[in-house]
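First chain A sits with chain B, and in the next complex the same chain sits with chain C.
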Partner chain A sequence: MWDRVRNWLDVRIGINDLVEEEVRAYRVPKNINIFYTLGVVTIAGYLIQVITGILLLIYYVPHPDHAFQSVQGIMNKVPFGWLFRQMHVMGSNLLIGVVFAHMLTVFLMGNYKRPRELTWIVGALLLFVSVAFGFSGYLLPWTQLSYWATTVATAIPTAVPYMGDLVANVLRGGESVTGATLSRFFAFHISILPPIFLMLLGLHLFLTKRIGISGTPFGLSAEEKRPWTEYHKKNHPDGYPYYPRFFQKDLFMVMVYLAVMFFLITFAPNLFFPGDATMPADPYRTPASIRPEWYLLAPYQMLKIIPNKFLGVIIQVALFVLFLFWPFFDTEKEKNIMKRPFLRGMFLAAFALWVILMFWGRS
Partner chain B sequence: MRSLVLSLLLIAGLPGISSAGYREDFAREFMSKTWSGERIEENACIDCHASERMKPVFREIVDEWRKSWHAQNDITCHDCHGGDPKDPSLAMSHQQRGFIGVPPYAKIPDLCGRCHVGILRYFNESGHGKALRTSGKGPHCVVCHGSHNIQKANIEIISEQRCSKCHTYGRAQDMKQAMFLVEKKITEIEDGIKALRRAGIYPEEQEQAFFSTQAEFRTLFHTVDVNLVKERTGEYTRKLDDIEKGISGTFADLRSRKNFSGFLMLLVSGMGVVMLLLSKTPKE
Partner chain C sequence: MKRRSFLQLLLSALGITTLASLLYPLVRYLVPPGTAEKARTLVIAKRDIPLGYAKEIVFNDVPAVVVNRPGKGLIALSRVCTHLGCLVHYDKENRQLLCPCHAGTFDLDGHVISGPPPKPLPVLPLRVDGENIVIG
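And then the complex of A and B:
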């Protein structure tokens, strides 16, 4: 029976070749490490967001009068609604953490270098899309926390002269955060971002597949230094097959991701629900402390401490451009960051600054 | 390539730096002002009464009021005293703007009773209300609650210091004892609701039932009729018991959720260990 199905499929889509080529013959470099699983973990994390997100979508009502109620209904009335909501909320935060970690390890191993510049840029855009997902989803429960965090965050563009107000008004659909903003963010979250995300992800995977996985800079890396002027796929005849060994490692890390998620749901269910997150949004009452999501804290704090806001925004845009096009700024051939003390120093300084700003922004 | 990008950045950045002085007001306000845009209103009463022109005893009134539960519920000067907070020159005009000012001692319950209708009714029928009307000796609302720094009420208002001014404390104590059972339940439920909120649950149904039951009971106090309060204690404990049951049911729910997600955690951890072992076994 199974053979017949398989044969039927093979005639039509060539499944045997596909499996042979993509699964059995596909080899990964020998010195690959566990950080190479983070890409797959990200995809798995996104899959969980999609599934739980669709389940939430069934019960959620995107209207200022009902949004809070409907989310409370999901938490307290819908069978297992609490689980989906918790998974979605924990997942959104963990996911951004994993994407950060993925980029960080790629950065540290110098794997963004020629010919993988495009892969990096698309990856950076994916990080941006992930943050946009988080940012737009944050408003949807329509709590005090989400309402005021969004109010503050959508005020940031107004620091830009001439255009700023326009941008902020387009974001909010008006002068302040209202039902119009909720509709906008909802549409953005469930129907504008997903196709953009899928396109970028497709491109990202296509590029990794086409160019082949790079080896780590540690140990045998001489081959990576050759100039790349013409295409040839990098495969690793001496590496080990992706399936089953590395596939199992991938699954292992996905399980770790899930275990962390359920650990948090079990032992810290309110990690992302502080007091203001259990109060319905009230435009007339400003809570004592307003702060955005943790991954926006550092940029937010930076804006706060730079006395001239416009300058602050310019610096942030410049940093973003630097980050996005980093492979073009860093043209050094050496991949191993251990052999590049200057870059290492800069990186450590930037990282420390990020952490400091983040904790500063919390208080 | 690098120089191209750098010069592009510079070109984009230059006008930015040159117009950096733009919108200093924005810089000042950014993130420090209260964001409730529509709420920035002028209130002439507060402006003038908090200003240096006012004598210090009167100036304190505004500070007192700011701390009050009324202030948090947007009950301001003119809601009690009348007048027009939007027109500084005629704000306190009795004829044109309906300014009431400070009513005489015996009329104060009517001032508060415009909003606290049920309480006024009970109060008027009570020994206190009758005494106030006939001899002017009874206490009025402000004697027990204060006038400007009015906080959420509870049984602690009944104290020896407050209640023994006009009669022996014995009467007050009888009252306090009669209320004790229900008040204790009220505090328990209040704590339960707070704990639920900390656990991320917004128990709307229970909260509403609780608030109305509590308000009813606290209104009843104003009859200062010990027998009546005793008589109805059973009825109130029953109502509060129902609410309490709902709360403990929610807590039980929370515990079973915890067990379930703990189980899922163990499950995926187990699968993770299996995967790890599989990937470590030598192949081919």
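And then the complex of A and C:
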């Protein structure tokens, strides 16, 4: 039966050749490490978000009078509603963690360097889109926490003279966070961001495939030494076939992701639901402690401690541009960070600063 | 002008016209429409706010507070913190307005005492009419 189907497909679309070329003959470098799986884990994580997100849509009502109730209904009444909501919430946080880890390891291995500058930029944009997903999804349950965190975050653009108020108004659909904001964020979360994400992801994968996997995490290889005058795909004729060898590693890491997710859902179900996340939004009472999700804590705390709001926003925009176009700022040929004490020091300092700001913002 | 460049020119003109005719409505569509004319005044009874106390109100959709300041009389202030939009509340002990978000403090005239808020709280028009307080 299977052979007949396969044959049928082969006659029409040449599936055997395709599998041979793309899967069996596709080779990955020998010195590849476990961190190379993080891209695939991210895609798997996103897939879970899509599926659980669609399931949540069946019961969720994006209206200020019903949003909170409908989410409570999903959690308490709908059979297994809690599971899909938990998977969505836990997944969103884990996913951003994995995207961070993916970028961090690519950075440490110097794989953003020529010829992969574009891959890095698109990847950084994907991180940005992931955070935008998280941020827009945060408001949807219409809790005290989500309402006030969104109030604060959407007020940030007002620091910019002239355009700021307009930007904030467009974001919120009015002077303050209201039902109009909920509609906007909902539309953004479920129908504007997904196509943008898919386009960027397609481009990211295309670039990865077209340029070839970087097999040189450490040290300078022939790839870096050759003069850059023409396109040259990086192949690894002496590498391992992707399938089954590396595919298994990918699968293993996806299972690690799932295991962590279900472990947390079972043993730490309230990890991302502090007290104010279980109270319905009250536009006339600001709760005592409001804070964004952990991945926005560091920028949030930074804005808090810089006395001039405008300056704070400018610094953050500058940092984002630096991050986005990092491959063009770092023109040094040496990829191995162990041989670059200055970069290493800078990295450690930035990382430490991030962690400090994050914990500071939490308290 | 050659036939070909004329056609090219025409094509770009058409393209720009179409693009502009779509972009303009799009931008207008995304900018929220102005809200309708609001209720002009709000009346509360004077005896509701004894000396040293405050009452939270909502005036034209803006959360506000009316404070009966000892020695200085009544004042109506917006509760929307000028930093990032959290709502300040009246601290009776210290005769201050406190913002819970980043610990901004304001005095009872609305001026910033400490913390990150860049501007004083907006003062709403208020007058006393017999036994009533009229805001707006």
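Methods note: the second predicted complex is superposed on the first by the 355 of 363 C-alpha atoms of A that agree within 3 Å, B and C clash if a C-alpha of one lies under 4 Å from a C-alpha of the other, contacts with A are read in each partner's own complex, and residues count from 1 in each chain.
Here is the rule we go by: a contact is a pair of C-beta atoms (placed from the backbone, for glycine too) under 8 Å apart; a residue touches a chain by one contact, two chains touch by 3 or more.
Computed from a predicted structure; not experimentally measured.
J.: Using the overlay on chain A, decide if chain B and chain C clash or can fit next to each other.
T.: clash
J.: Report for A:309: first if it touches chain B alone, second if chain C alone, otherwise both or neither.
T.: In the superposition, A:309 contacts both chain B and chain C.
J.: Is A:155 touching the first partner chain B, the second partner chain C, both, or neither of them?
T.: The answer is both, since A:155 touches chain B and chain C.
J.: For A:320, select first, second, both or neither according to whether it touches chain B, chain C, the two together, or no partner.
T.: neither
J.: Please indicate which partner A:265 is in contact with in the superposed arrangement: first for chain B, second for chain C, both, or neither.
T.: A:265 sits against chain B, while chain C stays out of touch.
J.: Look at A:180 in the shared chain and tell me whether it touches chain B only, chain C only, both, or neither; answer first, second, both or neither.
T.: Touch status of A:180: second partner only.
J.: So which one touches more of the residues on chain A, chain B or chain C?
T.: B
J.: Where does A:331 make contact in the superposed view: on chain B (first), on chain C (second), on both, or on neither?
T.: first
J.: Taking the superposition as given, does A:8 touch the first partner, chain B, the second, chain C, both, or neither?
T.: It touches nothing on chain B or chain C.
J.: Identify the partner contact of A:285: answer first if only chain B is touched, second if only chain C is, both if each is, neither if none is.
T.: A:285 sits against chain B and chain C alike.
J.: Output check: A:72 vs chain B and chain C. Expected answer is one of first, second, both, neither. What do you get?
T.: Touch status of A:72: first partner only.
J.: Chain B has the stretches 5-13, 77-85 or 131-139; which one runs into chain C?
T.: Residues of chain B that run into chain C: 77-85.
J.: Identify the residues of chain A that lie in both the chain B contact region and the chain C contact region.
T.: 148, 151-152, 155, 175-176, 283-286, 290, 304, 307, 309
J.: Quick one: which bits of chain B touch chain A in the complex? Just the residue numbers, please.
T.: Touch list, chain B to chain A: 1-2, 5, 9, 13, 16-17, 19-23, 26-27, 30-31, 34-39, 197-202, 204, 250, 253, 257-258, 260-262, 264-265, 268-269, 271-272, 275-276, 278-279, 283.
J.: In their shared complex, at which residues does chain C touch chain A?
T.: 30-32, 35, 56, 58, 61, 63, 80, 83-87, 89, 99-102, 116, 118
J.: Considering only the defined contacts, which chain A positions touch chain C in the complex?
T.: Spelled out, the residues of chain A in touch with chain C are 148, 151-152, 154-156, 166, 169-170, 172-176, 180, 283-290, 304, 307, 309.
J.: Contact residues on chain A for chain B in the complex?
T.: Residues 72, 75-76, 82-83, 86, 148, 151-152, 155, 158-159, 161, 175-176, 244-246, 248-249, 251-252, 255-256, 258-259, 262-263, 265-266, 269-270, 273, 275, 277-280, 283-286, 290, 303-304, 307-311, 314, 318, 321, 325, 328-329, 331.
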